[in-house]
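In the two complexes below, chain A is the common chain; its partner is chain B in one and chain C in the other.
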Partner chain A sequence: MSPAPDDPKTIADELRRFLLAEFLPGEDPANLKDDTPLRTGGILDSVATLKVVSFVEQRWSIEIDAHEAGVEHFDRIADIAALVKRKRGK
Partner chain B sequence: MGPSSAPGAASLADLLEASARRDPARVAIVAPDGRTLDYRELDERADRVAGFLRAHGVRPGDRVGFCLPKGLASVVVLFGAMKARAAYVPVDWGGPAARNATIHRDCQVAALFLGEARADVLAAWPESERPRVVVRVAMGETGSSAAPAAAGAAASFPAGAHDFAAALAHAPLAEPTAARDRGQLAYILYTSGSTGVPKGVALTHGNALSFVDWCSELYAPTAADRFSSHAPFHFDLSIFDLYVALKHGATLFLVGEELGKDPKALPRFVAEKRLTFWYSTPSVLALMAEFGQLETLDLASLRHVLFAGEVFPVPSLRRLTKLLPRPRYWNLYGPTETNVCNFAEVVPPVPDARTRPYPIGPLCSHCDGLVLDEKQVEVAKGEEGLLWIAGESLFQGYWGRADLDAKVFLQRGGRRWYNTGDVVRWVDGEGFLYVGRRDRMVKRRGYRIELGEIEAALQRDPTLREAAVVALPDPEAGVRIDAHVAPAAAAPPSLIALKRWCAQALPPFMSPDRFVVHEKLPRTSTDKVDYPALLRRSAEGAAR
Partner chain C sequence: MIDASVTADDAARAARCRPHAGKWLLLLAQMGLALAAFRAFKLHELFGEGFWRVSWLAVAGFALHYWLPLRLKEPASIALSLGALPFVVDPLAAALLVALGLAFFAIGRAALPQRVRVALALLLAVPCVVGRARGVAWLPDELWVLVGSLFLFRLPIWLYDRRHMRAPPRLSDFLAYFFMLPNWGCLLFPVVDFHTQRKSFLARDHHRIAQEGVASMARGLVQLLLYMRLYYAQEWSADPFEITSLGALLLCMARVYLLYLRLSGTFHFVIGLLHLFGYDLPPTHRSWLLASSLTDFWRRINIYWKDFMVKLVWFPAYFRWRRSGDMRAQLAATALVFVATWFLHAAQTFFLTGTFLLRSTDVAFWSLLGLLVIGNLALELRRGGGAPAPTPLRRALGTAGTLALLTVLWSMWNARSFADWFDLLTWWKVG
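Here is the complex of A and B:
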C-alpha cells in the first residue's frame, strides 16, 4: 500500500472509514464526527486502540510511541489525524 | 520457615511492620512516577493515616473507601485503614462515577480518600449520605503517573474535606497490636452482580494470611525479589502482589494505569526493573507475547510467571513459553470468595500437539474441595460437577446480602462450603479441569461479568425499550458479549450513543462488543426473553 496523501481531511476520512468498518458496522457515518470521543466514549477499548495504532502506523508509515497513544492525545479522529500529519511532516 | 516469616501474624499490617523492623531502609514500593518508599517510611505513613482516621471517628470494623490511581498514596491508605482495624474498600480509578459511588454507599464507608481528578464520584452521592470524612488527594500526592486533575476539580470537594497532607502529618496511632484479630475484615472487593448492583466480597485478615502463607511455602521469596503489581487494588490478584512481596521484605513495582494497558511497553518495564515475579491475567500476557518483542529483551531476571482469572488459550501460552522458556509458569485458580484455591505448574514449552487447556490443578493446602451435582450429591471421580470449596481462605459473606449468602453456602460435616459455580472434573495426574459455567457469569480479561448487570445498565437507557445480553466463545478474546436491543422509538439507535451510554454506566471490560438491533426481542411461549434464539442470531451474525 502506498502512503496516503497528507491532507488532514483525507487522513480523517480514511480513519473514519476504518473505524466505521472495524468497530461500528452499520452506524450512520454522519454520527462519527472528527471530535467524537473514541476512548472516553466507549468506542475503542485498549485492545481496539492497539488495532488503530497498528493501522495508522502501517497506512502512513509512521511509528507511534506509547505515550502518544494515551487517551489525552488519541481520543478523537481530529487528534489522530493531527498526530499523523505531524509525524509525516518530520 | 526462615526469618522472612511473620510468626503469628494477626493482621496483614503485621507483615509490613515485621519487614520494617527487619530491614527499615530497604525499598518497599516503587511508584509509577519513580518515587519510592522504604519500609520504615511506608510503615510510618500508614501509622499516621491510621491515627488520622481514629481521631476522626473511624472505629474498628468500619469501612474506609478509596478511589485513587495506582501509586504510593493508595498503598499508604490501605495499610492505614488496616492499622486502624478498619476494612479497606478500593474501587476502579477509571470506573464510572455512579458505580463507584454505589459501591461505597453500599458498605457505608466512614471515610473516603479520593484523588482530586475524580471529584465527579462525590457528585454522584446524595449530599446527606456522604461519608463523614472525605480526604482529597492532590494528583501530585498520589505517586501515580495519572494525568493531573482538570482545573476546577478541587472546587468540587465539600468545604469540610481534608487534605491528604494533613492525614500524613497526623500523630501516629498508638494502639497495642494485641487488639488485632485474624477474624476482623481486612478488605471488601466488589464484583459484578447479576441484578445490576455489584456485590461486596468480605474477607478477613485470616482469609488473606492463609493464602499468603501458602505462597511463602510454594515460592520461598526473599528480600532480593522484585515483584510486579499489575492488577489494580480492587482486583484480587493484588492480594498476592501486595502481601507476599511485603511480607518477605521484597520490592513491589507498581504498574500505572496507562502502562498496564500497553503490551509493547510492559515487557520493557519487566526488563528494566529486572522483575523476578510477574502476575497478571492471561489476556495481558498473551498481548505481551504478541506485541512485546520479547525476543529482543533481556528478561533473564524473571523466575516466576503467575496467571489467573481466566483460561489461558493454549496457542497464546505456547507462544509465550517458547519466547520465554526460563521462568516457571503457574496457573492459579480461585474466585475472589476463596482466594487462590487451586494451582498447576505449566512446564514450558507447551507441546505443539497440545490443544486442551491446562488444568486448574490440585487444591492448595489451605483449601478443601468437593465436586457435587445439582442435588448436592458428590459425583464419581472423573465426572463433571460444581466445585465447592471450604477452608481458611474462604470469605465471610457478601456485604449486607444474607440472601446471596444463603444461595452460595452449604453446611456439611460441620464446615461451611462455598459453591464456586464453576463446573470441573478430575483428571488423573493433572488435577481439576475447568469445564465451564451453568449460570450467566462470564469472565473477560480476568474480570467476572454477570450478564444481568450489563442488561440492567442497558435497560436504564431511555432510548431503549428492551435489552438482553448473551456471551459467545471467541477465538481472539475468549468471550464475546453481544447486546440485543429494541429501541424505544421507530428510528434505529445510534451505535455511538449506545457505546457512550455503556462507557458511562459500566467499566470498560463490561461494555458489549456488538449490538444487534431488533424491532422487539424474541420471546418464548411463556413470554420470557428467548435467549437460545438470541444466541443463534449472534452466532449467525459472527459467521457473516
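Here is the complex of A and C:
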C-alpha cells in the first residue's frame, strides 16, 4: 500500500470509508461527518481505536504514540486527519 | 499536543451561547421541576444536604450565568464554585483545599522535567495520606475526603496531559477542572477527563447542551428514586439469617446489584449539572444492565473510569508492549488495568473512610472480573472484525447470562467475607 496523499479532505474521506466498512456497515455515509464523535459517541471503543491507529499507521506510514491515541486526536475524523497531516509534515 | 486554552474558538462559542429568553425559561422550568422532585421525594435525607445545596446553587447559578457574555462565563462558574465551597464544607477545609490545589498547580506550571513534577506532587501527597491515616486534631476529617475526591484521580490525568501541553497550563483551566461545583455535594465524583472537559466547553449550541443536561439530571433522579426504593425494601433482605428460600436469595442478589443505581444515578445527575454551564460531557453510563458480554459491560458501566484507565494505563502499556504481538500486548495491558483498578478503588476507599480496602472478596472480585474480561477479549480478538453481528436471540441470551453472572459476582463483592457470602448462598441451612 503506497502512502496516501496528504490533503486533509482525502485523508478524511479514506478514514470515513474505513470506519464505515469496519465499524458501521450499512450506515449512510452522510451520517458519519467529520465532527461526529467517535470515541465519546460510543462508535469506537479502545480496542476499535487500536484498529484505527493500526490502519492510520500503515496507510500513511507514520507512528502514533500512546498519548496521541486518546480522545484528543481520535474522537473525530477531522482530528485524526489533522494528526496525520501534522505527522506527515514532520 | 494539547491546546488547553478555551479561547481558541471564541467566535464560534459566542455564537453557540446567544441568549434566548424563551429557551432560558423553558430550561429553568424543567430544572425547577427536577429540584421539586428532589425535595418532594426527600432525596436530600439519603444523599445529604450538601448534594441538595449544590443542586439548587447550580440551577440558580445557571439562571444568571446564562446571560453572561462568553468571556465571563467560565470565570463566573469558577467564582460560583469557589464561593460556594465554604458554605457547603468546613471553611478551614475549604481554604486548605484551595491552597493545596494552588500548590499542585504551581508544580504543574513550573518549567521542570515531568519526572520532577510527578515526584513533587507525590511528596505533597504524603502528608495528605498520613493526615488521613492518623487524623490531625485541629483539621476536619472532611478535608482528607475532599483531597481524595478532587486530586486522587484527576491530578494524574492533569499531570499526564500537562506533559503534552504546548503552552504552560492556565490557572483558569486548572480551577475549572478541579473545582467543579457539584463535587462539593458528591464526593464519589465521576473521573472527568481534563482534555474532554476543556474541549467540551460550548462545543455545541448551549441550549442543546443544557437540554441534554436536564435529561441527564432526570435520568439520574429516576435512578436515585429506584435506589431509594431498593434501599428501604425490607422484603429484599441481605441478612443471610433472613434468607430462607431460593426466591429470597435471588431477590437479595438482584437488590445488591441494583444498589449500584446510587452511583450511576448520582453521576448522571452531577454531569447534568455541569452541562448547564456549557460542558458538553458524554454520558457516564450507557444502559449497563443491558450489557451482552463482559467486555460490553466494561464499556458501558462507569465509562469515565474505563476512559481514565485506557488513557493512563491501557494505551501506555499496549504501545510499550505491542512489538511483542498485538494480542499479547492488549491482554497484558488489560490485566494491568484490573490491577490498577483494584488498587485505586482501595485507595479511594482509604480517602473516603480512612481504611485501605483489603478484603478477600474485593480482591477476588477484581481478579475474577479481570480474568473473565481478558478471556472475553481474547475470544473477540480471535474472531476478528469479520464476525457476523449476533442474532437477536443470541444477544438476548448474552445479556441474560451477563446479568446473571454479574449479579452473583456483585453479591460476592459486597459480602464482608467469603464465609458471609457462603452463608448467604446456602439458604437451606438457615434454621
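To be clear about the criterion, the second predicted complex is superposed on the first by the 90 of 90 C-alpha atoms of A that agree within 3 Å, B and C clash if a C-alpha of one lies under 4 Å from a C-alpha of the other, contacts with A are read in each partner's own complex, and residues count from 1 in each chain.
Just so we're on the same page, a contact is a pair of C-beta atoms (placed from the backbone, for glycine too) under 8 Å apart; a residue touches a chain by one contact, two chains touch by 3 or more.
As the structure is a prediction and not an experimental result, all values here were calculated from the model.
In the superposition on chain A, A:K51 makes contact with chain C only, while chain B stays out of contact range. In the superposition on chain A, contact is made by A:I43 with chain B only, not with chain C.
Using the contact criterion defined above for the overlaid structures, shared-chain residue A:D6 touches neither chain B nor chain C, since it reaches no partner.
Residue contacts after overlaying the shared chain place A:D28 against chain B, while chain C stays out of touching range. In the superposed pair of complexes, A:G70 makes contact with chain B and with chain C alike. Counting contacts as defined above, chain A residues 37, 40-42, 45-47, 50, 66-67, 69-72 meet chain B in one complex and chain C in the other.
Within the complex formed with chain A, the chain B residues making contact are 147, 258-259, 261-265, 287, 291, 477, 494-497, 499-504, 508-509, 511. Within the complex, the chain A residues that touch chain B are 24, 26-28, 31-32, 36-37, 40-43, 45-47, 50, 66-67, 69-72.
Residues 2, 160, 163-164, 193, 195-196, 199, 282, 286, 295, 299, 306-307, 310-311, 314-316, 318-320, 326, 330, 377, 380-381, 385 of chain C touch chain A in their complex. Residues 22, 37, 39-42, 45-47, 50-51, 54, 65-67, 69-72 of chain A are the ones that touch chain C when the two sit in their complex.
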